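Take a look at the structures below.
Below, subunit A partners subunit B and then partners subunit C, in two separate complexes.
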Partner chain A sequence: MISRIARWFSARPRASLGALLSAPLTWIGTVYIGSLVVLLAHAFWSKDSFTGKVAPFDWTLDAFGQILGNPVYLAIALRTIGIAVLVTLTAAIIALPVAYYIARIASPRVRALVLVAVTMPLWASYLVKVYAWRTILQANGLLGWLVAPLGIEGPGLTEIWNSWLVLTYLWLPYMILPVYAGLERIPTSLLEASADLGGRGWVTFRRVIFPQLIPALAAGSIFTFSLSLGDYIVPDLVSDAKFIGNVIYDNSALGSLPVAAAYSFLPIAVMMAYLLFARRLGAFESL
Partner chain B sequence: MVESPLVRAMLRIVTGGVLVFIYLPLIILAVYAFNESPLGGWPPTGLTLDWFAAAAESEAIRDALLNSLIVATVSMLLALVLGTLAALALQRYDFFGKNAISFLFVLPIALPGVITGIALQSTFKLFGISLGLHTIVVAHATFCVVVAYNNVVARLRRLPRSPEEASADLGAGPLMTFRRITLPGMRTALLSGGLLAFALSFDEVIVTLFAAGPGARTLPVWVYGELQRSYQLPVVNVVALVLVILSIVPVWIAQRISGNEAARGGRY
Partner chain C sequence: MSERSSSVPAVSLRGLTKSYGSGDVAPAVAGIDLEIRDGEFFSLLGPSGSGKTTTLRMIAGFEAPTSGQIWLHGEDVTTKPPFDRDVNTVFQDYALFPHMTVAENIAYGLEVRRVPAAERAVRVQEALRMVRLEGYDERRPAQLSGGQRQRVALARALVNRPRVLLLDEPLGALDLKLREEMQVELKAIQAAVGITFVYVTHDQQEALTMSDRLAVFHRGSIVQVGAPAEVYEHPATAFVAGFVGNSNIYPDESARRSFGARGRIAIRPERIRLDKPDDLVAADEGSALGTIASVVFLGAETRYKIALDTGDDLMVAQLNLKESPMESHSAIGRRVRVTWRREHLLSLAENPQAAPA
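Entry: the complex of A and B
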């Protein structure tokens, strides 16, 4: 019986395609896209100020008015985007020498070892890594203990720079790996040609290596930027400066769901713009 | 050699420093798990195994671990089935709108997790669906599909069609060809995709916090709650260390898979 059905399908490619696609497409289409539509609709629905319940299909622009009328929302947006950009730049600056070492300096045995060493923490629990930094940064933690003899106090768990540090730590491997792959693709002969033509180390890097690494850097930056932009756990656990994600999370739990939904437009729009920008730099060929 | 000895030495030092930066927090965590003092300052006051015993006896941890395993297993299976079907469709057929559909499957990980989380939560609420393990599974399966899909698509791209055609020529029906030729060809891709999906689900907290009801706690949700309350951090230290050690397992399995593939001449 089953093989009969299979035979019927194998003679009809259109029907087979439909059968294969129907389940995954229904799932993503209804569960994911459907949810996104519901979320974005919430931004235009009103909230009963007495019960706090959302009134579906009661259309209003109140949530947007609340966000635009309060400068805190703008400050949080700028802060989040700023830190996400900073994390991306820092990760790129750290990733370049490390990836260069792995790709061109290390012996094959060391290369394999360092690659595993860089990849392994990606599998370690995200929350555990954030927690590890929390224990280091807290007032009586390792960092405070190290700088105490110098007469300096530890950072404590309030500084916004803690978020920058921890997010860079978390997403750094996502930058190292594509940059390493990009460096692998540059033939040695090209670097030798540059040296023969009188290009010193820095000139060769700036004019030969770096331009060819732009797609790889753009690919890595999609991860570092997107993951930093949406994070709300790191800012909550290691600092007291709220991010876009905190506004959305806090409002979904206790505050106003329409405000959370309206504010969600921001990271979606920023991410869409960033993906277009990264695609122009050739990121998608490097993923 | 294009690089001067000085540059080489500097690159070596920077890489060493970055590796220390990457591993130092994990080492600190391991030390804390054995710290006698329940207050958690640095340096540790003494060594003890008491917190391991306390963690082993905790019913809340056991429940959370069990929930995590259930959610990760079901989400992985769902993602593997949906991802494989999508991969077969998009790799083997040409049709209008193909690029748009492949973009759809990537969207759940391209957009920040907080968006996925709140979108699903507001939908569950709107339709009166109570939050629990089932809603966590729905959320996890949604972003795990892309992991399974990516792995299987990459494999199908490299898999030659000729053995399938030979199988058909020799009289095998489509079902037998799939079972005897296509499926074995995809086996390691399914394994590594499943592994990745499982690990992703087991670890996820950003979307999970939105999809989890008050009663349904996975292990990361339990850890997050404890971090906010700070009542029993020594036990959290132990759970954290165990999670870090457990994370070596998938790396080890992945190495075994790729090692075996290399040993077989890189055929699949």
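Entry: the complex of A and C
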């Protein structure tokens, strides 16, 4: 019986593929895409202004009107995108020398140690790390104590730059790893060829190494940018400057679900545009 | 330009040594002394792991010697980085920059050295013409065949007009036909530009064909330096006799038994005549009887393995001057007389390092 089934499937590759993928496709279709569609549909449904209840299938563009009519939404969007870009640039600037050291300079033993050190924070809970940063950054925290003798005060937990700092810390490994892999892929002979043709270290980096790392940097930036763009816990815990995520969260919990849903279109659109941009840089060949 | 009649050698290596790791590991290059003349096509020939590539990389500046000195045109460059040496390298894997076009690759060295754009363009075109790749300016390395990449690598190095060009097994990745074409072409280019070529290869045929002189490497040392014919006709050691061309090599015992010679000897397969058992032998010739043990037909020549009656084996190569022997398989087992001129028995220096090939 089993061998008959096997024979039936082996003669029908499409049926085999269908049988293999049906379970995961059902899961993605209903749980993942389905819930997303329901959320986004809310953006076009009206809300009873008295009870606050959403009326499904009562189509309106009110939620979008509210967002466009209030400049705060635009300011928060620009702030979030700005910090995500800044986090990405900072991570790239830190990742390049670190990855270069791991890939080209460190001995095999040191390389393994540094790689473990880079990935270690990924094993710790996200919240633990953010709370650790809170104790460092708060007014009478570690940082404040360190700079106190210089007559400077600690940053406290209000600065927007805290979000930039903590997000960079959180997502840095996601930038270092692809850049490291990208560096590994550049044959040593290319660096030797550059030196042979008269290129000193900086010229070799700028003309030979960096252009070949662009796909790897783009791949890493997908993580640093999208994870920063979507984060709402870090800005909430270490600063008082809200991100897009905070607005969506606040609205879906307490305010207007249609407004939250309408505002969700923004990060989705930004991410789609970013992924298209990253694809043009070759990021997906480098993941 | 080729008549730079200075007596200063283009490359001079003095006691050059490179050891990796420590202590008891044999050094990769063990105290080499070598002078390469200006304008010469010089080959570093040896099997893999013999130290020839390491030597080339030290001349280029990619590896620092453990001890010893490197002089280029009378200047000590031992501690100078690659970008401060007036040499350029053609890499075994070509090492073309994949994100640049052919023209950008070739212009790279000129650009880095701040050659003005107008002159750069002229020289790039000149270099493309020299390697017969006109019109390929805008291609990427990935769009080229192996032979074309090889030419770009050559053009990229030559466009800088270095005084010495280092080539690390540049034809190793090409198929036989293309290889032979490129050998001729490389030689022609070298003659045209008059630059000293230092050429690393493990292919003795290639080294014999192309070189003005060559150095045979074995286990980190140079065992012989000389012109191709000199090295072929008078191999210094059993290793050279076995590595450069084919040789029958015999230790003392067999040399006495089968050839009536003293000491270790070698004889080239093509220097032996194959006769009928009752054919005559001249006064300056030696001779022995044996049986054909195997026959290999190679087109232009046929190789016979003869089992001599003394118990030794002998390889004999006969040019197929007439029609190829159709009956080659039936030749096995036939009785033959092998004859050689005594002057063709090469006596080999005692060399404890040299392994019989």
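We adopt the following convention: the second predicted complex is superposed on the first by the 273 of 287 C-alpha atoms of A that agree within 3 Å, B and C clash if a C-alpha of one lies under 4 Å from a C-alpha of the other, contacts with A are read in each partner's own complex, and residues count from 1 in each chain.
What we mean here is this: a residue touches a chain if its C-beta (ideal position, glycine included) is under 8 Å from a C-beta of that chain, and two chains touch if they have at least 3 such contacts.
Note that the coordinates shown come from a computational prediction; the quantities given were computed from them, not determined experimentally.
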For A:A195 in the superposed arrangement: first (subunit B), second (subunit C), both or neither? both
Which partner, once the models are overlaid, touches more of subunit A's residues, subunit C or subunit B? B
Once the structures are superposed on A, label A:P267 by its partner contacts, choosing first (subunit B), second (subunit C), both or neither. first
With both complexes superposed on chain A, which partner does A:W59 reach: first (subunit B), second (subunit C), both or neither? neither
Which superposed partner A:R207 touches (first subunit B, second subunit C, both, neither): second
Residues on subunit A touched by both subunit B and subunit C 192, 194-195
In the complex formed with subunit B, which residues of subunit A make contact? 2-3, 6-7, 9-10, 13, 16-17, 20-21, 23-25, 27-29, 31-36, 38-39, 42, 54, 56, 94, 97-98, 100-102, 104-105, 114, 116-121, 123-129, 131-136, 138, 140-142, 144-145, 169, 172-173, 188, 191-192, 194-195, 201, 204, 222, 226-227, 229-233, 237, 244-245, 248-249, 252, 257, 260-261, 264, 267-268, 271, 275
Touching subunit C in the complex: which residues of subunit A? 187, 189-190, 192-200, 203, 207-208, 211-212
In the complex with subunit A, residue positions of subunit C that touch it: 60-62, 81-83, 87-89, 91-93, 95-99, 108-109, 112-113, 156-157, 160
Subunit A-facing residues of subunit B, complex: 2-4, 7-8, 10-12, 14-15, 18-19, 21-26, 28-29, 32, 39-43, 81-83, 85-86, 88-89, 93, 95, 101, 104-105, 107-108, 110-123, 125-126, 138, 141-142, 145, 149, 173-176, 178, 199, 203, 205-206, 209-210, 220, 223-224, 227, 236, 240, 243-244, 247-248, 250-251, 255
